[in-house]
């Protein structure tokens, strides 16, 4: 899974019939210091995530393993909302030195 | 899913027999300000998308979860046509600062 | 799918028993102006593609959805030979300006 | 699989109901000299890996092939803890020359 | 599939119970002139490949389509040992000019 932040929504009326009711959220990748990266994906929400929340996103066939996404043409799903990260300070410092 | 824009069509006569009737569209990746990136994929259309339209593309096994693409050797499908994005202005500004 | 050009062949005697008879072709990625990129994959041919031909390649589990590749340890298949691309000139120009 | 090092944990209360009890570990990619790279994934642990340990991570649908992860929306799993690498010194030197 | 060279072995005692007996080989990506690239994967061997040999690696769910890897948490498999490549000289020269 990758760590991301919900930053917006995609609205679509004309879509695959199985996707009626799907909530398409725009999720930007985050680094370990919670800084947003440039790249993003559009993921279906399965846990009630809202804008600004930090989430985990599962991609590929694994994104179809939730009750809502099963058998749907969906390749990214928000399957967890993150409470906090536990990363030792020295790990974060290592990254800054690079 | 990734956000893209339909910019052209690929024509093919000799192809897997299950792909007769498939419409292969060229889809360029878009950033959040709808600027086209260099990279593109060839995706099968399942929602009647036309040139110039902004779409969502699902890749991998998920692209076979539409009525038309099921069991076909296809790894990218257009499964939604985008009406609009809701992204707060401050998010777009963040990106520009990078 | 990605757009590619067949540029060579890989010969292998010792391989998975299910792959006897498989034709492994080297396919370089192409950009929209048919210029070859550096990256390439080795794909199994399912449509009789030959050297120099422009093709579409499906990757991942989708590459096992042809009669020949089913249930085989293969992650890329040539499933179409391209006749032509329809891309408006202004799209190609956009790219050159970048 | 990729070679990685466990550097932290992600805590999540609100998540897919099938993920109750899952341990989400942050795994940084390693190069062959065991130097940490910038990129990381969040993987579910299936072998009792702890912080600081060097591990192998399987991604995609393959990550659902352990007893715990089966049918769960998970796209990365730690499936082995690494004891040691056997890489000839000349291979490591090659890399340094680049 | 990608073209690679076996350069070492990963040893692991604590691993998923289905992986007992698996041989984890370190495979570096190769370009068309057989030069080693920096990136590598850890792949399970299914064809008796040894150190120094040039091989094909299948990734993702396709890597579980060999007798040994079936239903195992493995996302890369060596499924062929390469005898030779047939690539016209002008193709190799193209690459060098870039």
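Each chain carries a letter (A, B, C, D and E) given by its place in the written order, and its residues are counted from 1.
In this text, contacts are C-beta pairs under 8 Å (C-beta built on N, C-alpha and C of every residue); 3 or more make two chains touch, one makes a residue touch a chain.
In this text, all values refer to a predicted model and were calculated from it rather than measured experimentally.
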(request) Please state, in steps, how far chain C lies from chain A along the shortest route of touching chains. (result) 2
(request) Please identify each chain that touches chain D as well as chain E. (result) none
(message) How many angstrom lie between the centres of chain B and chain C, each centre taken as the mean Cα position?
(response) 19
(message) Need the CA-centroid distance for the pair chain C / chain D, whole Å please.
(response) 31
(request) Spell out, as numbers or ranges, the residues of chain C touching 2 or more other chains. (result) 60-61, 63
(request) Name the shape of the chain contact graph, picking from line, ring, star, complete and other. (result) ring
(message) Touch as defined at the top gives a ring of chains. Read it off for me starting with chain A, then chain D, then onward.
(response) A, D, E, C, B
(message) Can you tell me which positions in chain A touch chain D when the two form their complex?
(response) 1-3, 31-32, 46-48, 56, 58-66, 69, 77, 79-88, 91, 94-95, 98
(request) Would you mind writing out the residues of chain D in touch with chain A in their complex? (result) 7-16, 18-19, 24, 26, 28, 36, 38, 40-43, 51, 60-61, 63-64, 71-76
